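What follows is a pair of complexes built around chain A, which joins chain B in one and chain C in the other.
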Partner chain A sequence: MTWLRLILIHLRIAVLNELQYRTNLGLQLFQSAVALATSLVSIAFVFSKTDHLAGWSASQLLAVVGVYFLVGGLTQLFILPSLGRFMEDVRLGALDFALIKPVDSQLLITTRQVEAWKVIDVLIGVCVIGVALVQMGTSLDPIQAMVFVIVLVAGVVVVSSFVMILATCAFWFIRVQNILVIFQAMYEAGRWPITIYPPWLQGALTFLVPVGFAITVPAEALVGRLDWRLLAGAVALAVVLPVFSRWFWMMGLRAYSGASA
Partner chain B sequence: MRHRGPLVSAVTPFRILPLGTPRPAIVVQNLTKTFDVPEREAGLRAALRGVFKRRTREVIAVSSVSFAIERGEIVGFLGPNGAGKTTTLKMLAGLLYPTSGEATVLGYIPWQRNAEFLRQMTLVMGQRNQLVWDIPVADSYELNRAIYRVPEHEYRETLDELSDLLDLGPLIIKPVRNLSLGERMRCEIAGALLHRPRILFLDEPTLGLDVTAQRRIRSFFREYADRYQATVLLTSHYMADVEALAKRIVVIHRGLILYDGALAGLIERFAPLKTITVDVSSPLLDPGRYGEVVSVEEGRVTIQVAKPDVAAVTNRLLADVSVTDLTISDPPIDEIIDRVFQHETIPDAEVEVPPAFART
Partner chain C sequence: MSTLRGVYLAQLRISLAEQFQYRGAILIWLLGLVIQPVIYLTIWSTVAESSGDNVDGYTARSFAAYFIVAMLVNHATHTSIMWEFESRVRHGALSALLLRPIHPIHRDIATGLAFKGLTMLVALPIAGLLALAFHPVVTTPSWAVLVFVPALLLAMALRFTVEWTLAMAAFWTTSVTAINRLYFAVFIFSGYIAPIDLLREPAKTIAEVLPFRWMLAFPVELAIGRVSATEALIGITAQAAWLAAAVIALRAVWSRGIQRYSAVGA
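Up next, the complex of A and B:
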């Protein structure tokens, strides 16, 4: 509940901030449109040569693109930008003001930066998924829909906790902004179902960077080809990673030395 | 975060307090903080070597510091850069974990960061700001109000009061980036006090401000502390800040407390000389026989004399020449403090200063 309250408080500030600079909406629309067009063109190109890609049809791949936008939009709404700001604050010593507030420090630092325009990506994701479902001609039965929502939430939780853990490293290494850049690059790979990649890369994209759990698994649930073991794995990871990230955060706070006097 | 109640018996007080006496607001015992600081020589080669093998040096920022501060007391922390003032302050504000030692603030262990504790204290840092840069000050205040859950009417009341005392007026509807440094600092201070904290940690609150702005901020803090019976711990290297606000000062140098007591006592202890300035109508011959000559000007002579000799020297002066005016004064505090830091060992001080441990 605190978390939701903090998000709303910071959303208000974000909106106020946005209203100071009105050009952002246009830029964001443009950026999202370009990203969507790139995805669609590459799918069209691949399927002009073949009917199936590692067992995925064109409309199923469209579902993957939809999930890619949805999860990307959800995580970039506040968690990723907030963690980016956190890393910057550790380096510049501005974190002190966040740590003296009478709310849970981890909740606070994951909500301080809200990028309201990322709602656009979330909407694009939902629309693309809708189109993909229509194209596939399947209607989601309630159980399938429920499983999709579960793995989707699990995916968002896994990605968020994962980046949280990376960001916490800033307490020891101070300059870790590059980690987020690397993560973004790896996340790009999730535009395609990870099953099309060679096994070593699949492994990396599942366990090293949990893009597989965040995008491919929910997409598989959507198109009805999800293995129950993956479902169990995603849920388990969505429980273990946040707990670990909590513990790691506490360790980080102990190690925090503050930017010098 | 787990909720913890106030810890009553975590630290034994220095003095045996009679039953029913309120405990001091801040109790610190043997607090120590060391940092591992990476160390390498300048240059590319050294930098490359540093990537593979990091050499670190242990730096003692605060070394077994103990003191207690009563509720409502204003205490000034004095010391040169890197003395350990800010590190001590940050530990008491719950930002840093100590390497060893104990502390309680209002009965709470600060670094456990209990929400109840955090709600009752604030931190003002002269060189960092928490207000959001691009939006009007009032919107940043609203953010703090929401985070601290200050009820709307109480917030209005406090804001009016602070706005009045700090003369904020039209400033709070301007974006922070359009404010001058002095205006910004006043807005920062109000923002840090909206929840009416009872403990104030002020780290160089007047840094970089002009004299007028400094004076204004000093008188504000005095007013606030009076009104709310707030306990204030202030660091500054402007002597005037400390002189104006604190009756008690703690001199800290290289992580150690060199002096803890009244301002007057510091002068007593570290300034064994008094300054005598005489205006004379006839020239004073050979002023060196009265004391150490500081300056001789047209009709005015300034000399320094050991305290016990002041009366005798004054008598002799009055007998020897025709004096039109005579003043006896303590040397300026700045000078005294300077001498303390330069000599490092102090006459009659029990504290031994270990070689070079300052954190820079």
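Up next, the complex of A and C:
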């Protein structure tokens, strides 16, 4: 249970740290509100000209936005900021200090930077999903709810492992912070169901950057249009990618020789 | 004047050398550039197809033209000064720039031009590929091509001046991120998610009152042939007027801000 204790300690430090800067709460609230408003306005705008977008209704798109916030909030809570810090540390040579600690290095570097206020995005996501469900007028039966939770967890695992693999490249290429920028840009595309994009972009958003599995697939489970093959694919990826990222991390560690030492 | 020219040439050379150093970063930036127009292009073409290929006078193929040109115009007018200025003030890098005998804004203009000149070489072929994929149609009269040049230059100058002025908020506050996010939310009225013609009242009036459409939508509409000669004349005048106002604001904010600036880390 070391890993759980480690996460809890980092969480506690982060919360204590954030409580020093309480205005940050206001700022985060404001930023999330702006992001939510932008999403809602663009949906309203598109649906003022049509009543369905490639088979998706307005309330179904609302569900997509909800999942977008939920998954975005969950990954930005600690995995993305921690990996951002990791890449910076490789460049500056500060990673050595993390490696000499007597815990698993991969666990340590993925949990040590927590952005506690991202909880707001998670809450917004849950609320938006709730509103979308009410609007669709469908009650979620237990099986559907379970499938949703499974693909949601799978999506978060897939995205996290994927970013982990990207970040590990820092061991060889040193300057890769911009990779996270690419990821953010591609993630933006997930505000809309990726099935509406042309095939080449759909392919890129499924296999190059797994935004489809992270957002569109859980949203499809919510609105009850999920293909069982996608469900199987998501679960399979959620098993394979973490294993691969582990192996890749070990390779990277072997290649690392310290930057400034 | 000739000193300023020398400074610009030197600055251009330096920035070009810098950009060549970080070629990977340019590619990444370009990817970000392409994604957004493709998203909205797809959405609006889908909408057009499901409503008889006509959304307020736009067909799927004219949407393609709009968003591909918008990508290029956005690339030409884009600046990242609102994100950079804060660290200049916070880490005190501005102090070194102030020691130079010319206004720091000249450095940003030269750097921006160098970056755009270089990246346009990649952005143009990308626009070509998108054109092959989405088959855009334009109805541009020949006079509009001529007017497009000053319209684009004015749009670049206007957006640069406005964003440089807003960036100076960093002199007064440390939470510029919130201001920047709000700015980019309001920037919707520039027409980057849809042509302004598609807006309904009161959004349409708001878009007409705000300066943002003159930074993006106007040159784009000119290039794809949706602007009459009179409208073009009004547009150029509006751009010039907004630019004059923005320059006055920039000077006023700069002279006040610089008095507040007490170098950090000096």
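Assume the second predicted complex is superposed on the first by the 260 of 261 C-alpha atoms of A that agree within 3 Å, B and C clash if a C-alpha of one lies under 4 Å from a C-alpha of the other, contacts with A are read in each partner's own complex, and residues count from 1 in each chain.
Keep in mind that, in the parts below, contacts are C-beta pairs under 8 Å (C-beta built on N, C-alpha and C of every residue); 3 or more make two chains touch, one makes a residue touch a chain.
Bear in mind that the values here come from a model prediction, so they are computed numbers and not experimental data.
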**Asked** Now for A:149: first (chain B), second (chain C), both, or neither, which partner does it touch?
**Response** neither
**Request:** Examine A:44 and indicate which partner it touches, taking first as chain B and second as chain C; both and neither are also allowed.
**Result:** neither
**Request:** State whether A:16 touches chain B only (first), chain C only (second), both chains, or neither.
**Result:** first
**Message:** Going by the contact rule set out at the top, does A:254 touch chain B (first), chain C (second), both, or neither?
**Reply:** first
**Message:** Going by the contact rule set out at the top, does A:54 touch chain B (first), chain C (second), both, or neither?
**Reply:** second
**Message:** Just checking: does A:134 make contact with chain B only, chain C only, both, or neither of them? Give me first, second, both or neither.
**Reply:** neither
**Complete:** Both chain B and chain C touch chain A at residues none
**Complex contacts: residues of chain C adjacent to chain A** = 22, 24-25, 28, 31-32, 35-36, 38-39, 42-44, 46-47, 50-51, 55-56, 133, 175, 177-178, 181-182, 185, 188, 193-194, 198-200
**Request:** Please give the residue numbers of chain A that touch chain B in the complex, ascending.
**Result:** 5-6, 9-10, 12-13, 16-17, 20-21, 93-94, 96-97, 99-105, 108, 253-254, 256-258, 260-261
**Asked** Which residues of chain B touch chain A in the complex?
**Response** 1, 35, 81-82, 85-87, 90, 93-97, 113, 115-116, 118-119, 121-123, 125, 128, 130, 132, 134-135, 139-140, 142-143, 146-148, 175, 359
**Request:** Mind listing the chain A positions that touch chain C in their complex?
**Result:** 23, 27, 30-31, 34-35, 37-38, 41-42, 45-46, 48-50, 52-54, 175, 178-179, 181-182, 185-186, 188-189, 191-192, 196-198, 200-201
